[in-house]
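One chain, chain A, appears in both complexes that follow, with chain B as partner in the first and chain C in the second.
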Partner chain A sequence: MTILAVLIGTLIFAVLAPILGCLLAGLDRKISARMQGRVGPPLLQPYYDVRKLIEKDDVAVNGTERVYIICALVFTLIAGGIFVSGGNLLMCIFVLTLGALFFILAAYCTSSPYAQVGASRETLQVMSYEPMVLFMAVAFFMAVQAILGMGSFDVRAVLYLDVPVITNIWLVFLGFLFVLTIKLRKSPFDLSYSHHAHQEIVKGVTTEMSGKTLAMVEVMHWCENVLFMLWVALFFVWGNPASIILALVVVAVVYFFEIWIDNNFARVKWQTMLTSAWVVALVAGGINIAFLAYL
Partner chain B sequence: MSYATKSPWVIHYDGSSCNGCDIEVLAALCPGYDVERFGIINTGNPKHADIFLVTGSINEQNISVVQEIYNQMVEPKVVIACGICACSAGIFHDCYNVIGGVDKAIPVDVYAPGCAVRPEAIIDAVVQGLAILDEKSKALKAQKKGA
Partner chain C sequence: MATLGMLWFLILFPLVVAVVLLAVRNNQARNVIVVASAIVIGLASLFLVAANLGVDYWKPIPMASPLVVDIICMVLGVAIAAVILYFGIKYKNTLACVLAAVQVVGSLVFELMFAHNVEVTECLYLDSLSLLMAFIIGIVGSGICVYALGYMEDFQAHQPEGAKDRRPVFFALMFVFLSAMFVIIFSNNMMWMFTGWEVTTVCSFLLIGYTRTEESLNNAFRQIVMNLIGGIAFLVALYVMAIEMGTLSLLEFLQLGIMYPEMVALPACALALAGITKAAQMPFHTWLLGAMVAPTPTSALLHSSTMVKAGVFLLIKLAPIFYLSQIPSVMVILVGGITFVLCSFMAISQSNAKRVLAYSTIANLGLIVACAGVGTPEAVWAACFLILFHAIAKSLLFLCVGTAEHHIGSRDIEDMDQLFQRMPKLARFMMLGIMVMFIAPFGMLIAKWATLVSFVEMRQVALIVMLAFGSAATFFFWGKWLGKLSAIAAEPDNVELSVHKSEWGSLLLMVVLAILSCACLPLISQAVVDPYIQSVYGTRAADIQFTNQLLAALLAIVVIIVLFAGVGKQNKSKQAQVYLAGYSANNEQRVFKNSLSGTTEATMRNWYLEGIFGETRIRPVGEWVCGIIIAAAIIISAFGTSVIF
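Up next is the complex of A and B:
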């Protein structure tokens, strides 16, 4: 039964997430351009980019790279499916991390030094955000327990709540916002792969990827971004259907805030990223979880 | 119109030059001219690029570099020679190590003369290059269908 639900969820996510993610990416570029005093590309520019990449000739450094990228994309979609079908949040996080690991493998499997620099930076990014994301899942469980009297990792549990989980875990939410910048690949934490014009060591993780493989990477990023926004929304949804509107407003504000950060801060060194993300995770996650556990 | 013309990503290489054209190319890519309006993005990776902007002339040292970048670019691709140095070696033409314009190393599709080449001329050349990119993209598609 749950497998079927996840399957249907994955299908829904696989259809809707690329569309929403593409529009989100287009809006992102448009707003970034306005912030820099430019007109910016058309809204559908990310779509044109991907269509162009698909039209390009097929060139690959080896046969395995594309297989890894396909795995990364599929696991991202399954992670989305788990979330959309109301499944286990912890599972969703693990499957998404698995997708991220396949992406890293794809970069490592080419023997290009530039791709490998990108891959090690990507690994550092995963190391930086993962503790906070896990704390988020644990805090979600405890918040549901505090409100409902019975803990649950299930996303659908929010529909039975009287108040949103943010009331109990706002500190965790703030910590999550911090690592969200890393997950969305926004400056100052866009160490492995930047969406801005040419500021990379060649092009970080995607150096050796071209054509259809790169198109898949782009689509994967769109889907990831949509899933992260769903995570943000999760904090604000409760039994009342009107809460979905509130969640959408919060998502819009959060994304705008991320674009603003992206355009106003220069990239930091990886040491700063790692230590700050872990300190934030320990302080925000630790204090909030200790509070929920002992009070 | 193929999608290639809607999102041309450029890579830029500077050969033997006074750096004048080099600076003009980067000026064309800056917010003042906002080439991202046309989907143009400056990338540092030949594998992601559709348009190769070369400034400066070809010499004994850089000929292999230019050829390497060109070979790493994925079809369809277009080469634009920016500035008179890139077109025909310009004032450097009789230097002991200079071979000539970019067309001595790789096939050039559009020539944009000028010393230095104006950003407007570069944008015009890129737009001309897009028409060629469109043709090449269609040819590639037809070839794929045939194969």
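Up next is the complex of A and C:
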């Protein structure tokens, strides 16, 4: 029955995540603008942008790029569906990584120098955040085990908890916040594809993408952001329905914090990103997991 | 009785073929013989698997060791030493000669003085792990033999004028290899297993040194020295088993080990060392890297279905002992884990495709070794799947690289630009192989997932950390290779039309196996791997729920369909030019006008991150740490047992 649940979850996610993600992106631009002393675009500007992209002519370097992007979008939605249906957190992470791989391939397949620079950097970003993301899942399992007596990777396990997992794995949460900046493509870790025009080599991964293809990339990005915020919320939800409000508040704070970082730091070199992300993962993930395992 | 006949057939038939091939010098005749016998071996192993599918107990085959087999074992031992001594003296390698002499004296003394007191009543056996291995050896191994036909023809053509045609020996050795592997996986009598073990060592020595160039001889000797160390460790284990435990039966050894884990620490460590050398773990990993100088089918055979798999096979067999006996377990876990993470790192800094594959092999074997060291049912479940998927995906990749090398003239990944168009079918096969190796929802990652879960359940924090970082590195080096392959630009000539039929045949076989194994993962788990776990532990492993396996299999099918039917099609959209930042001279070729009004081609090179992941930085660390761990474990276990007795 899990397969059916995942299918239904995917449908729900595919409807809701773009809407929420679009609003989140609009809010992001609004708040960023205020931080920079501008008025900023209307809240629905991201939606207008995508609508305009969809209306554009089909122009592409080759037909393969679009296929890869469709795959990337679909697998992102499935990853969301696995999460929403309360499924396995590791499976959710792996399927999302598959989506990331297709996104990278879409850039590589164009043979465009600028897109390939972006693709290489995107691959490097995946390598940078992957250990911490895996540690997050492992820590989740162990925290559930510590609270419930029986470990589980299933997202739905939080509904049976007396206290949220954050009580056991706050160190992992801090480490996760660090790599979240990479996953959200926020400065200083927006090496592959930036929303800030001033620090970009042309347009990184999406250099050769246009029209509907680019629209799909935008939608995928919204869905990803929503999924990451769901991961954040996972730390704070327990058996009490009121915890959802707490989780929403935390998500709002975390996203605001990310916007603040985005606007206050310049892009770093890849060496800094890789080593800092790995050191953070090793310290935050390693220590916390060791604590859970041995104490 | 029927099973006994099948086992003997699988062991003896390749030997007969080898003898015949040694005599045949005609290409046409050889092609026919190799293809026919590969089909026979493949069908026979399939039949064996089908006839015993789901066997969830250790199926012994009552048969005392016939005297003639004992004599053959002894003669083979002497012959192996003679071969090594002959080459050692001819090419002045003292170390190899000394080790070979030690080994032959040791094994002769053992057989004449100790082995006769120990009677093994069930010399052969069968369980589901043997079946899995038989499937891999019989299908993948003989598939590689068929591939070698076309490859070696091209290889011979590329050799300098007047080079000696040693192909009869080459093919004979390949089949002897298969036979020796069957001996290893079916022998309950450890003496027999040891003989098979040494035969694989010497066969790979001869195959690596095939071209007799200086480089290949050096690497062949490195291989033989390292594996002789492993062989001597195996012999030490045999001595301890015969003298202190009074048995040479693998089953009895395992049973005694489970009852008295302390007592078997030394033989378990010694056998583990033998397995580690054969599975090319640090600090012995350099022999497998050196083995690349051999023709590609040799690499494929060594990496996927034989040789290194013998090492991990032995370690998985010993897993129940590792589960209980701490010293060998810690040694195996640490060596495997460290090898996994460091070799994954080093793979990033390599641009030679075969070297990337070699590092990836060593890393994955490290993971299997670590799983065996953990020794829980769940970890062994994961290890079995790692073996299966690795064998299939790696042979597919090696065969692809071999064929690409003969048609684009390079095995460097940087030269594989736009292979997607130059060799459309081959590039897709290669992409499939790469995906099976590292990305969900394909088999290898499902196995890694199970590995992670089993590590988490056993609270192996060090292993969790190593797995996380190693997997991240894995994503990077496969991802960038995949990117190279997938690039599409101007329409270059299709150069794959001249690929031999036999090569296509084997490649297709591997592709079909890869697809089937990913799509049928839940079934394989039910029919083969679970029964093995049942036979050893009496329980089933349930780390990855059946529904998640099913979901993974479904997603895998989707990706495969996209890869073979979705991408690469022309679409109706308007063709755009690639952005070259300014004035492009020939956009199709990615050539632009530079600032001196000349033209420059825009090219992209992959990232190798030499400063962080370079071999010179990482290799010494791994070799020293693993070397010290192994030495310490063996000293402690030897000291410990002497105190107890």
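We take it that the second predicted complex is superposed on the first by the 294 of 295 C-alpha atoms of A that agree within 3 Å, B and C clash if a C-alpha of one lies under 4 Å from a C-alpha of the other, contacts with A are read in each partner's own complex, and residues count from 1 in each chain.
As a working rule, a contact is a pair of C-beta atoms (placed from the backbone, for glycine too) under 8 Å apart; a residue touches a chain by one contact, two chains touch by 3 or more.
Since we're looking at a predicted model, the values are computed, not measured.
Judged by the touch definition given at the top, the superposed model places A:Ser210 against both chain B and chain C.
For chain A, the partner touching the most residues, choosing from chain B and chain C, is C. With both structures placed on the common chain, the touch criterion links A:Ala33 to chain B but leaves chain C unconnected.
By the touch criterion defined above, A:Asp49 reaches chain B but does not reach chain C. After overlaying the two complexes on the shared chain, residue contacts for A:Val59 are found with chain B and with chain C alike.
Within the superposed three-chain model, A:Ile289 lies in touch with chain C and out of touch with chain B [touch as defined at top]. Judged by the document's definition of touching, chain A residues 57, 59, 202, 207-208, 210 lie at the interface with chain B and also at the interface with chain C.
Listed in rising order, the residues of chain C touching chain A in the complex are 417-418, 420, 439-441, 445, 449, 452-453, 456-457, 459, 461, 464-465, 467-469, 471-473, 475-476, 479-480, 482-484, 486-489, 545, 547-548, 550-552, 554-555, 559, 562, 566-581, 590, 602-604, 606-607, 611-612. On the chain A side of its complex with chain C, the touching residues are 1-3, 6, 57-64, 66-68, 71, 75, 78, 87-88, 90-91, 94-95, 97-98, 101, 104-105, 107-114, 116-117, 119-120, 123-124, 126-128, 130-131, 134-135, 138, 141-142, 151, 153, 202, 207-208, 210, 271, 274-275, 278, 281-282, 285-286, 289-290, 293-294.
Chain A makes touch with chain B in their complex at residues 29, 33, 36-42, 45, 48-49, 51-52, 54-57, 59, 197-198, 200, 202-203, 206-211, 214.
Contacts from chain B toward chain A in the complex involve residues 2-4, 6-7, 29, 31, 34, 36-39, 41-45, 47-48, 50, 74-76, 137, 140-141.
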